[in-house]
């Protein structure tokens, strides 16, 4: 399988490229980026690829400063950031790499939650000044205070959750925030009244210790996150795309960057699944490959 | 040399023969090893109350070792083995029942280099009382004054007893260390070359002090200065290679020693 | 006491009057202050070549200060002010052109406490040569042997010259420090109480060495031991309170001093 | 007089048992504290070792980072750390010892000297993140080094510099004055005395103090994060202006991954880091023993 | 200059040549200058830190009122609607962690140091100190997970009401982390009190404890204080342990059982997070960094003042 992509990937006639490629940005996207870089360097050992994890915003900061060619993001670029890029004279292209299904999870001993709607999520998570008990969410649930575990307010994951669930309302101030998703896993595992959310990969890895909550989508079905439901878009609205942004000038000027962009799109599907994310539908990659072709 | 010493010695006040022969320390067949090194060999020595007993001998002969054994400071050296007994006022100092803390309270020690505590003059002297649970301010104040007077230091420092002891000159520091002992009203004071780090003036002062102290305390003093031994002591023990060669009245030792090695040493033929 | 000293002194070999009067050091109107403290007061002293000149006096009288001024080690003390001149071989030691490094190379110094470097015996002696840029192995080897012989130490250490100097006894260390000076073939050797930290045996050895060295070097020695001054020196200067009270041949100073203060000090009436 | 003295003495002697008891109890408490600390640290070590030891293999040393835990290795991080330390150690050692010599041997006791001294002890307490911010602004941006070995190395060197200075100062101050006098007395110049007498004597102290500081530089994560050191680097640097990654960065990254295998790899990485620390400390102990055999 | 009867030795010849050839040594003049420049680096570092922090801090205060910064009791920069920048919760978080760490580490650290210097055999001391020193270098992420996955569960067994993220567990672990620093430096200070002073006390019949507490400890006080200051500074500056085990909820509550955020963990959160360059949030890390710098500066000054007051010379 990889053999096939190799031939296409080095279509310059199997020539060996040289150069340096600096990638930085989202820690959520990092595993995919690392996998791509790892595979790419097997084929092009003379191209030195580095991947950092300064976070989506930190990545853009470097991208704007012209220090990186690719900037990984777990959310779409913000207006201020594209403005700053425009000011710096850097044109860019957005590439979607994969989906991540934000997984809402509860403690294993939680036997009452079977599914949640977006409204229920919002009711729980938005700060309305009163402490929320499970019984406030649905009749018959225990009269226990809910313990919230959320990624830090400065993360792409939080950003997305904010967009689709909180809709810019203040998150419940009793929520425990942590930058490290493993820490959140620990939180939910250790607390019977806990609820939390984080990247699908973290749920997948810990599925024996925590329970994922099916979320009711617009069609009214309660859907559990898994590879199919995320890819097909059934798991909504909590599946989100992951991006990398690439500098157009770099693609045009540096063969290695163009080859890398191409390689990324060709292999993202397989590699994303390898590291616990979900691939996009095939045609999305093809479309983007064409865009790249046009920039060369 | 010998002549000179005699001259000095003759100035000493006559021995008090009338006093009954009470021993503060009685050492019997004491042997001591540092690891394999046999440092004290079969020492037998009875030390009389209210005497100044000088211990002389060439470097390395075991003077410091012996004096440190008397208050068991030698315990602090790892790997030391002893046998034989030392009796302090008829109690075996090596026995379990005789706590070193008690022994050291009754037997004060003055070291070669003045070693005051890095505290004020006052606190240096109050230290001993405080650790022994004496808290009464008045008793402490009185004792501080009494001890400083006893060490002939009071007049020099009375205006600055709350200043650091390290501001004193070497000789004053040494007298402070003596005062520190006196505060506990010891029975015996051990001194290991107490003046060897001092200048002549300070040495003289300390020697004078020793002369006064002997009225009330038994004093055992190690010195490598034979003139000093001659000047201040009643009895002298001559150590050589870990053995007591001769122990007698200072007069005898310096003027008509029984052993030829003593004579050789005294007259500067070696050591 | 005086009698004793005379007795010792008389053993000294007669002064060499035949030698012409050449001065190594000529001190003129020297004054020195530590901050406000006037430590040396109008010193005038001419020191003769190949003499052993002893400097005596009670503690704090300025002996060390004076000797440290002679090779400008006093420069290391902050806040020292001097006026007057000291000429070394007719060159003003305070002048800009006379570098202290040269002065100290020509004038060796031995300190109160033996202070060998924490290196091997060999390296201790080679040190002076190396800092002066002498790299020739053969010269160094020869000099090491010659200096150790000169310091009467060769026989004792020849089998272990590459072992650490700290393994030597105090007296050997002090002789090593002397050997270290000799390696630079100095003209004058200054000694500040070189035996006061030593035991009697070692003291004797060092004294003997000084007697030998005076054949070839001019020696200035500070001592608080009057017997020592009497035993080894040709001339003696008596310092008191930063002043030179009397400077004369040792015989005169010890037997018929001109100044009554000298007499008082020599005979132990103070100090 | 005689009498009162005796009585007092008896009174004091009577209290000895109580005092000894107190001594014993306190000794017990101290011993317990020591045992407690040791045990906690042993538990910490045990957890790391039992988790990481199975992952230590030749491949682990040979391989670059990988998305597959079983292929992932620590080569880039180890080599990167070595490169970084090759900047940190000489920079901090030369600046630190130089500063210490200046302050101890040359500086006059002036207000300026006191101010420099105070400044150094303050710097020792400045959090490492703040040094990270400094490195980011000065070395990465202003000097334009980017997030390279030299930028990270200088940042870390500044971070540990105060500790190196203080340790060196103490070591230099401990050189007996007599030795300096001996050297001056032989006509040595000031620098010769410093170079040939003071420094050799002070080296064990300088080395032990500094190695502790360098151990800290090896284990610090926060400044590297702030400076923006990349994590995935699948090549070895060939110069000081190359990018690199370092052990704590790699460990940090692995601990934050979802897969438990990566957490185990992190533990294996920590074992390596501890091994490096132990090695460095052994060097310190060796230096101390070697030079103190005088 | 030579006496005539003496044959001129090679050594003197060489020396003679050296001094006649002039002994002008430029090196001796240049070296102090070079060394001074080295000493200036640490001053420049401080200047660099202050400048770095102050410029961005000033920019920050263009957006946020300085009054709000010091008086508001909420730190909520990420709110899209109305962000609040009141430094107090972060300062409080730092104080809580520092306080718990100090309460834990200072007594234990000093007890261990006293044990090692006054009671333990030389051998024990020789083994223990390097071990502790190695542990001083364990990366703090390791301690962080130790807090979260070991200490916290143990504490929660004992106090079930303790939340997963709290001040106590990371506080204790920060304490554990700084114990080696305190032990190592205090032990140095204690054992550098000269042996004769110790013997002086023992010879008066004092027990080891009396000697240690009344003589040795006061004599070593300034060194001990320095070790404490360094340890506490590290507690104030500690980042990873707190980020992992204390959550990241800036909280103005005095309660120790719930999640909090410290100044340092905020800085790391933002640098690894999402904040865009040039945003107020981005500048806020410099203002927090500056506050932190002032904080440690104040503590160091205080400590120096104290140590000067209690210094006992020996």
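Going by the order they are written in, the chains are A, B, C, D and E; count residues from 1 in each one.
In this section, contacts are C-beta pairs under 8 Å (C-beta built on N, C-alpha and C of every residue); 3 or more make two chains touch, one makes a residue touch a chain.
The chain lineup, named per UniProt: B, C = Phosphate ABC transporter ATP-binding protein; D = Phosphate transport system permease protein PstA; E = Phosphate transport system permease protein.
Predicted model, so just to flag it, every value in this text is computed and none were measured.
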Next item on the list: Starting at chain A, figure out the least number of steps needed to reach chain C through touching chains.
Entry: 2
Item checked: Each chain counted as touching chain A and chain D at once -> E
Note to self: By raw count of C-beta pairs in contact, what's the busiest chain pair here?
What the structure shows: D-E
Notebook entry, point to check: Between copies chain B and chain C, what's the superposition rotation on C-alpha atoms, in steps of 5 degrees?
Noted result: 180
Item checked: Cα-centroid distance, chain D relative to chain E, in whole angstrom -> 12
Margin query: As a quick test, compute the distance in whole Å between the mean CA positions of chain C and chain E.
Written below: 50
Notebook entry, point to check: Hey, how far is the Cα centre of chain B from the one of chain E, in Å?
Noted result: 47
Note to self: Can you compute the centre-to-centre distance for chain A and chain B, using the mean CA position of each chain? Integer Å is fine.
What the structure shows: 83
Next item on the list: Return the residues of chain C touching two or more other chains; collapse runs of consecutive numbers into ranges.
Entry: 101-102, 105, 132, 184
Next item on the list: Two or more other chains in contact with one residue: find those residues in chain A.
Entry: 27, 53-54, 58, 180
Check: In chain E, what residues contact two or more other chains?
Finding: 205, 207, 210, 268, 271-272
Item checked: Pairs of chains in contact (touch as defined earlier), listed by label -> A-D, A-E, B-C, B-D, B-E, C-D, C-E, D-E
Margin query: Please output the residues of chain D touching chain B within their complex, sorted ascending.
Written below: 1, 5, 8-9, 12-13, 15-16, 18-20
Check: Which bits of chain D are touching chain C when the two form their complex?
Finding: 108-109, 176, 178-189, 192, 196-197, 200-201, 293-294
Notebook entry, point to check: What does chain A use to touch chain E in their complex?
Noted result: 27, 53-58, 60-61, 64-65, 75, 78, 80-81, 84, 147, 152-156, 158-159, 162, 168, 170, 173, 175-180, 183, 186-187, 190-191
Notebook entry, point to check: Any idea which chain E residues touch chain B in the complex?
Noted result: 121-122, 193-194, 196-197, 199-207, 210, 214-215, 218-219, 312-314
Next item on the list: Can you check the complex and tell me which residues of chain E touch chain D?
Entry: 25, 27-28, 31-32, 34-36, 38-39, 41-43, 45-46, 48-49, 52-53, 107-108, 111-112, 114-116, 119-120, 128, 130-143, 145-146, 150, 176, 179, 183-184, 205, 207-210, 226, 229-230, 233, 236-240, 264, 267-268, 271-272, 285-286, 289, 292-293, 296-297, 299-301, 304
